[in-house]
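One chain, chain A, links the two complexes that follow: it is found with chain B in the first and with chain C in the second.
After this line comes the complex of A and B, so read on.
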């Protein structure tokens, strides 16, 4: 096993809100290996973006990282001074954002913004220009010389995201964190951007952390995936394995909710029942229990921990899909309302 | 049907606008009043520059004409109570008005922009202090503060007036920049800049300020006539530039006692003043429309 380039240990990020504390990231631990592409999936509000922002200490007010460690090359990023973390940002760990329209400064020329990413880390001005042109070509922006002088609003959405990626790669970082980089783009452009990220990952050996709510994106790009729910990791493991054999009911539901071309015409699109939990008052026990068809009584009051379920795969569940399949007929399940498969409802417990 | 097909003319595609600024310039040119204001101001600047090296008569030259004599071919705007040429004095007055107007705005920009940026970006105690002082200065009458300062700073002079006006008028710019910064700091491109390791100084002046430049320019353009008017007012009260320096305000004050026999002494500087104020306000309005993306037509 190679040594991880990034180790996140028991990370907790919280927001002070009226009437309590929102635990946006609640005890998240994972490793990232050099050159790997890791997906972090979850719904809106699952804490996946906050996990990414916490790594670079960019959590917006009034958020606070309350505990944990983020070890990058044996250095805890959470202990660095403001000046030291600024040096890391963009040089060793770069980040690209969801909406390329608003992530580029509208009044500055595109090429100049790529230059700046390098100037911020002490590269001389003359080098920056030629390296920018090289980068714009690398991210497959046609006519790079003239695009260099264009303002962001003169570029298409896909082109802008390519420019953002060029900015992210400007200092040849060891890690590129991509926060839903394809969400704001249309589907054909999404595919191109994913292909580009995949190629860059292989060519340059840049480790990619891909944050997305889209399982399809993970399948196309990542080798390993973390599934987050309500601020916690509920399942993690190699992508093929997770797709083949998910063990957490949430992962299972997510995979079932991907629309399929080969589905029968009259078959309903499957969704996950219920809404994401209120993190101000997270559910007791397992946080997924209010929406889980396979819940048992234990799920209401005891919180499950991540445990090994297969080679490199871990899940946090009292039931696990193996048992749900064997004992509750999960594969043939039509009714996926909470407690439907296990027959456990809150009224009966109380 | 064939005829309609033939009638379809391919219109040349208008080229994509190169930038916010060329876009704004195009809109400004279409605004006639703003353009007229700009042309008048360009003319006024030329007059003020010419007055530096040449005036028809020395601006302090006593008895170059008959005192109180009206406009004539030799003295276009007539003569004042000491027989000085009013036209020459209005020319020099333009110099003083523009110096005061632009000078105060430069000071206000130099003070208000960095303070507003820092207050809006860092928030916290610094912002509290800045907001406190802004409110205090809004609370006290600006005339009182300006009068006190002019007296306290000793010998009257152009520099003292510029300082006095700046001290009483810095709040609008500071508050504007602070507000813009508060809004812009939450934008994603600022977060992206921080994620790329940009230093706060770079973020403030390289990313936030360029996006706030439109409103700042408009505010400064409106600030110039306000300062010019304030100077004229101070000079009218006798607290402005020292004699024999001609300010439009002090010239009007000189003429007031003789308004029945020599109205041109009041009218000439007053018209110069009014035109200048109007020109700046028209230009400011035009710039606001041109630079405000929401008013795009």
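After this line comes the complex of A and C, so read on.
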């Protein structure tokens, strides 16, 4: 195993809210290896974006990173001064965002906004400009010279996201964090942007952290995936393995909720019962138990930890899908209400 | 920036200003002839002497003819007639000079309004919910609750009277106006009095607008690029925050122009506002019409200037 370029250890990010503290990221640990592309998936509010923003210390007010370490090249990013982290941002670790419409400044020329990423790290002006033109071509923006002078509102959505990617790659960073970069785009453009990111990952060796709620995006781009639920990682491992043999019921449910081309005609699409938990008062025990069809009594009060389930794959569950398949008939499950497969309902516990 | 469309827009607006000026001067001309009183009353003229003077001003003609003479004189020869009180004094150069003086004071007031307002607004936003913010916010509430003539009175009391007394005349601010256009030393106090209430409004608006803008996604992008905080605030936040400020600049400019009437009279500045008051008291109707006409033109041009500012500040707006 090579040494990881980024190590996140027990990261906790919290928001002070009216009724208490929202634990948006609650003890997340993972590694990122050079040149790798890692997916982080989860529903809205699972803490995936906050994890990404915490790495570069861009958590919006009133959010605070309360503990943990983010080790990049042997320094803890969370301990750096404001000026030191500023130098890391955009130079060593770059980030692109969900909505390219609102993420580009409407009153500045697109090309100049790419220039700025380099000017901020001491590159001379003329040099920056010629590199910007080169980058705009690299991200396949046609007529780069005239696009350079355009304002963001004069570009299409896909074009804007390409410009954002050019901005992200400006200083040839070691890591590019992409926070749902395709969510605001239409499907054909999504595919183009993913292809572009994949190519850049292979050509330039930039490690990519892909934040998404879309399992299809992960399948297309990533080699490894982290599944987040309610601020915690519930499963992680190589993409093929997770897709083929998910061990956490949440991952299993997520995968079942994707429409498939090769599905039987009458097979219904499965959703996940219930709603994402309130992070002000997260459920006791396993946070997924209020929505889990396979829960057992232990799930209500004991919190499971990540444990190895296969080569490179870890999941945090008291039951695991292996047992759910063998003992609870998970493969043929129609009723997916909480406790349906295991027969454990709250009233019977008391 | 000056595209063909913008030039067309400017010429359209200029034509519109001409029509506005025509409408204002016509309304004032016709209205003023319905008023009682006589500018020549104090001269105690009688008989042919009186008739000669009436003939000199064309006042013996029927009203419609007086009107057409006045309008054609204004638009064809730039002639606004002659003063009733000071015989032989042409009004056009007089009010033009006075309008320049008023514009000068107004421009300085506008610099105070925008400069001071923006500065205070940005500082209050960046230091949100600290004592700096509270002091600035309180100051701006006081600023826009007080009319400019009250502020002017306090400024005179402090800078001219109190300073003079406490320093035994060694250092104080002289209230007055030398020459036609005054001097920087004489202009800043009236300009400050005129601009301060509006500066307070601009400060409040800038603060609110900055707080709105710094939550935007593109500010996060700017941070993620590794830009310095001052660059983010000035280049990325302030430019966007100014868009709503420019919107109220139109009404503010008008407020400054009309507010000048009071300030000029308090500080004794020989501008359009001073003439406005004097000419009405003298019943010098020709000058009254001329003053109104100049005000209409001044306000029209100020509004056009503000609308053109949009183009400079927001690239999404093109005329």
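Convention: the second predicted complex is superposed on the first by the 344 of 350 C-alpha atoms of A that agree within 3 Å, B and C clash if a C-alpha of one lies under 4 Å from a C-alpha of the other, contacts with A are read in each partner's own complex, and residues count from 1 in each chain.
By our rule, contacts are C-beta pairs under 8 Å (C-beta built on N, C-alpha and C of every residue); 3 or more make two chains touch, one makes a residue touch a chain.
From a predicted model like this one, the values you see are computed outputs, not experimental measurements.
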### Query
Of the two partner chains, chain B (first) and chain C (second), which one does A:94 touch, if any: first, second, both, or neither?
both
### Task
With the two complexes superposed on chain A, say which partner A:86 touches: chain B (first), chain C (second), both, or neither.
both
### Query
Given the touch rule stated above, what does A:58 touch, chain B (first), chain C (second), both, or neither?
both
### Query
Which of the two partners, first being chain B and second being chain C, lies in contact with A:102: first, second, both, or neither?
both
### Message
Contact-wise, after the overlay, does A:43 reach chain B, chain C, both or neither (first, second, both, neither)?
### Response
neither
### Query
Is A:151 touching the first partner chain B, the second partner chain C, both, or neither of them?
both
### Task
Could you say whether A:303 touches chain B, chain C, both of them, or neither, answering first, second, both or neither?
neither
### Summary
chain A residues where the chain B and chain C footprints coincide 56, 58, 60, 86-91, 94-95, 97, 99, 102-108, 116-117, 120-121, 151, 164, 167
### Message
Taking the touch rule as given, give the residues of chain B at its contact with chain A in the complex, in rising order.
### Response
16, 18-20, 186-189, 191-199, 202, 206-207, 210-211, 213
### Message
Applying the document's contact rule, which stretches of chain A touch chain B when the two form their complex?
### Response
56, 58, 60, 86-91, 94-99, 102-108, 116-117, 120-121, 151, 154, 164, 167-168, 170
### Message
Residue numbers of chain A touching chain C in their complex, please.
### Response
56, 58, 60, 82, 86-91, 94-95, 97, 99, 102-108, 116-117, 120-121, 151, 153, 164, 167
### Message
Applying the document's contact rule, which stretches of chain C touch chain A when the two form their complex?
### Response
215-218, 220-229, 231, 235-236, 239-240, 313-316
